[in-house]
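By letter and in written order, the chains are A, B, C and D; residue numbering begins at 1 in each of them.
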Amino acid sequence: MKKIINEPTKVVSEFLKGMEKAHPELEYTEKLEVLSRREKSDKVAVISGGGAGHEPAHAGYVGMGMLDAAVTGNVFSSPSPDRIIEAITKMNAGKGVLMIIKNYSGDIMNFGLAKDLAELEDIQVESVVVRDDVAVKDSTYSTGRRGIAGTVFVHKIAGAKAETGASLQEVKAAAEKAIENIRSMGMAMTPCTLPAVGKPGFLLGEDEVEIGMGIHGEPGVMRTTMKTAQETAEILLDKILQDYDYSNSEVALMVNGLGATPLMELYILENEIQTLLEEKQIKVYKTFVGNYMTALDMSGCSVTLMKLDEELKKLLDAPCNTPGLKIG
Amino acid sequence: MGFHLTSKDYANYIRKAYRLIHEKGDYITELDSATGDGDHWININMGFEKLVEAANELEEMTVFEEFKKIGTIMMSVIGGSSGVLYGSAYLAAAKTLKEKETIQNENLCEVLDAMLQAIMSRGNAQPGWKTMIDSLAPAVQCYKDCILNQVDEKTCLSRVKQAAIDGAESTKDMEAVRGRATYQANKGVGHLDPGAVTMSYQIATLMDCVLEKL
Amino acid sequence: MKKIINEPTKVVSEFLKGMEKAHPELEYTEKLEVLSRREKSDKVAVISGGGAGHEPAHAGYVGMGMLDAAVTGNVFSSPSPDRIIEAITKMNAGKGVLMIIKNYSGDIMNFGLAKDLAELEDIQVESVVVRDDVAVKDSTYSTGRRGIAGTVFVHKIAGAKAETGASLQEVKAAAEKAIENIRSMGMAMTPCTLPAVGKPGFLLGEDEVEIGMGIHGEPGVMRTTMKTAQETAEILLDKILQDYDYSNSEVALMVNGLGATPLMELYILENEIQTLLEEKQIKVYKTFVGNYMTALDMSGCSVTLMKLDEELKKLLDAPCNTPGLKIG
Amino acid sequence: MGFHLTSKDYANYIRKAYRLIHEKGDYITELDSATGDGDHWININMGFEKLVEAANELEEMTVFEEFKKIGTIMMSVIGGSSGVLYGSAYLAAAKTLKEKETIQNENLCEVLDAMLQAIMSRGNAQPGWKTMIDSLAPAVQCYKDCILNQVDEKTCLSRVKQAAIDGAESTKDMEAVRGRATYQANKGVGHLDPGAVTMSYQIATLMDCVLEKL
């Protein structure tokens, strides 16, 4: 394993220290692994978080127009409730706190417990759960769909809504509208290596890819041979369009890299996706190409669509200034 | 006459459980990589490492305080799904030990039962869903049966141990409903659940520790 | 080789098509592989370019406050003069054109020939050559130092100066001042694979890294075992500080990823660099962490320092809005 | 009486050179990977591919037009260092062919010399600097010597071919001054220069083509 680290157990705290030094407008709370905006504003606080390993998510989306704080767990592990409570109490300005949770058992349980505890302290906390990954069957019986790259759109929408001075319920409603309209689908070409494990968690053959693999290297839905960019675009988009009707609508498109995929390849894929969307008369209002929600050093990609109405367009276009996303 | 488990005994159990868990690193990581995200061992191992560091302190506490402390450490150090589940389990178990000086046979059964209820409710999960519950639940059931049937402690403890181990083994054929194995097309069938295996290590070690006291 | 591409010979044009679609403010000139700003402004034009494979460089730095156009060659191959002339004639607004060239024989020759030809058409063309890589000995006899990640700072400075309405000579002077004050040093952990070749150009052992490797996988100055982030920071920074005296000054710091290195690791390295700079009383004015100048799918990093005076600070802080860098 | 190389002959030479270059892909890529950036073969191969596509057209031109066209194609298709160097070389060589119908012995020597001068001036490089020049320069020198000494054409052409091949071989021990091999600590010593090797392929193939005409 070749990684630019010191000790596997210290990666999270050193990463966040580095973020604080690189971005003086952000503040790091040691031990609790919370990164927050230094200037607390008088509005609904929007927080998110989860296991580390998805950089720039989530710490990279802290800043004007997106998150007020991000809570980081160990690599691929949900943060514990005490960390989450720190973010809640620190950023609550009396208007309440919205938690944006990706749909994983661990996150649901930890954020859920933190919410219960915060409410005992009379802090108003609401939560929304992102479940955009169409690789996983939705189900009310099981945990259901995972939250993946689409989460970044939810951060953007909720953050922009909060900046308008909206109420907690309104911010929550905007986030939920976004969630309703977001679907994603991913593909992995190489495994990822947890720093503390030191070797990849699984193997893929020289010419194999895994469609639908999760952002923690959880097994996908289909293993197949490497396809062309065009075929890959078709496979990923088909799965999304089968699940949700985007026809005759305007969408935001995100082509996301999982960490080790060159930007050139992401744009090549994006080019194919645009062609397909045009054929299907789905109009792309805004496009995002880059590493937004990664899986350590995995190579691969995901495609996300968010259907837009006038409100979502306005919120998407609203300015934001975070290390991971700048608009306006 | 039966056993009396002191907070010192429990601290010793922690040390022993840590050794076993620590040793099984590659195996557990492999299990969580096959159906999950590969971090289960790192986290639970780190949790037990911190518990062992606190063991001298734990020895001096009442069992109630000791369980509360273990729960707090586990919740914050382990993180992930297991952290909050074990944390909830220990905090719930602590409640059954208020004002107790030692843990005796019935108490131990109550402790495990409280843990089971806490995990099921926090995890919103049932037995048979391919989780740590599938090691703990049969162990608790077995314990209760033994007490009901007045089985002698030694036999009882050995049976509980075996039930936990068999329970973990039984997850192999289960379809996951909670946890990351649900994301797999075949719901993880054919693979052991890592959380059930580490649960069985803890129960087995605990039973061994108690058996030594008899 | 697993790459999200269609055909190796088409990667450059498909990538640039994707960029045009994702960023409607940019325009792609087919065949000539030029990406330019759609709105031509009445100022000195700043152009750059080089072989593909360094994305987001150079096409990703086209936009307000940086480049007016980028010319792309095949992967790792300098663009031919006809492509460069297209960028020059297209973006010249009568105030002249500054070409920012990375110091490679091929680029020097191709841009040089293009300059000669453009001057025949009475277009004023000036050029500056970036040579920031301290891994290579500077020399007037041989080609001398390569241009690597520091080039991005030169784009920023020259672009900002041009936006002020400065003359060609003034823009050139600002770019040269930046170049004088920039040094970089890199390290590679894995090789890169040219799409048309399909296998890595060299091999590194399981635990080996190469200090000073170029952004085309050109061999470095030292092969050694994988070091901790702290040791890596020391090795790279020492080499830079041995070459140029940054003591008691303010600097811009860039910790650049070569393509496949997770952002988390870049921030961990940056954290160490900051500590070392603090010890040496070098004040960091602004920090950049991310994939700015890559080498296809190589994993590794580089560190760049630029010494700042008041003018450079102002130009660095000036707003820019490009796919690869947004400020203000 | 000596050879008369027509534009059709030269187009045939292009086809033949392409076959040889195409065949040597792995080898040349390996050479450029060892001391450079690995793209030399891809680029020159692509250039010749385009030339072959244009070969029918080239056959119909005067040799002057043919060389100009080849230069333009090479410059724009090959790119990199080699593209601009070959482009300049062919454009300079074209000038020596103005108003000529065919290429005869002395003309061919002039063509190669013009190419050499163009490459040296565009590349700002000298013989001995571990570049393509180190195959071309000795070939030109040899050609000039043969003409001076009135060596018969057959012997002359064979010697030129050998000089180009030996010249490429001689780059192995040279230290690079231009090109990417300069970035190496040992300046590429011990490795052949890829550009010199592909240059020697072209000269050797060209000489073979001319020899067939005798």
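Operating definition for what follows: contacts are C-beta pairs under 8 Å (C-beta built on N, C-alpha and C of every residue); 3 or more make two chains touch, one makes a residue touch a chain.
Here the structure is a predicted model, which means the values were calculated and not measured.
Asks: Among all chains, whose Cα centre is located farthest from the one for chain A?
Replies: D
Asks: Between chain A and chain C, what distance separates the C-alpha centroids? Give it in angstrom.
Replies: Chain centroid spacing, chain A to chain C, equals 29 Å.
Asks: Quick check: how many Å separate the C-alpha centres of chain B and chain D?
Replies: Result: the chain centres lie 76 Å from each other.
Asks: Roughly how far is chain A from chain B, going centre to centre by Cα mean, in whole Å?
Replies: 32
Asks: Go ahead and note the Å separation of the Cα centroids belonging to chain A and chain D.
Replies: Result: the chain centres lie 55 Å from each other.
Asks: What parts of chain C, by residue number, touch at least two of the other chains?
Replies: If we look for residues of chain C contacting two or more partner chains, we find none.
Asks: Counting only residues that touch at least two other chains, what does the list for chain D look like?
Replies: As it turns out, chain D has no residue touching two or more other chains.
Asks: Edges wherever two chains touch, nodes for the chains themselves; is that graph a line, a ring, a star, complete, or other here?
Replies: Looks like a simple chain-to-chain line, open at both ends.
Asks: Taking the top-of-page definition of touch, could you list the pairs of chains it picks out?
Replies: Chain pairs that touch: A-B, A-C, C-D.
Asks: For the complex, give me every residue of chain A touching chain B.
Replies: My answer: residues 9, 51, 73-83, 104-106, 109-110, 113, 135-136, 141-143, 146, 194, 196-197, 201-202, 214, 216-219, 221-222.
Asks: Could you list, by residue number, the parts of chain C that touch chain A in their complex?
Replies: 2-6, 11, 14-19, 21-23, 52-53, 55-56, 60, 189-190, 206-207, 209, 226, 228-230, 232, 259-272, 274, 284, 287-289, 291, 294, 296-297, 299, 301, 323, 326
Asks: Provide the residue numbers of chain B that touch chain A in the complex, in ascending order.
Replies: 29, 33-39, 42-43, 46, 75-81, 83-85, 87-88, 122-123, 176-180, 182-185
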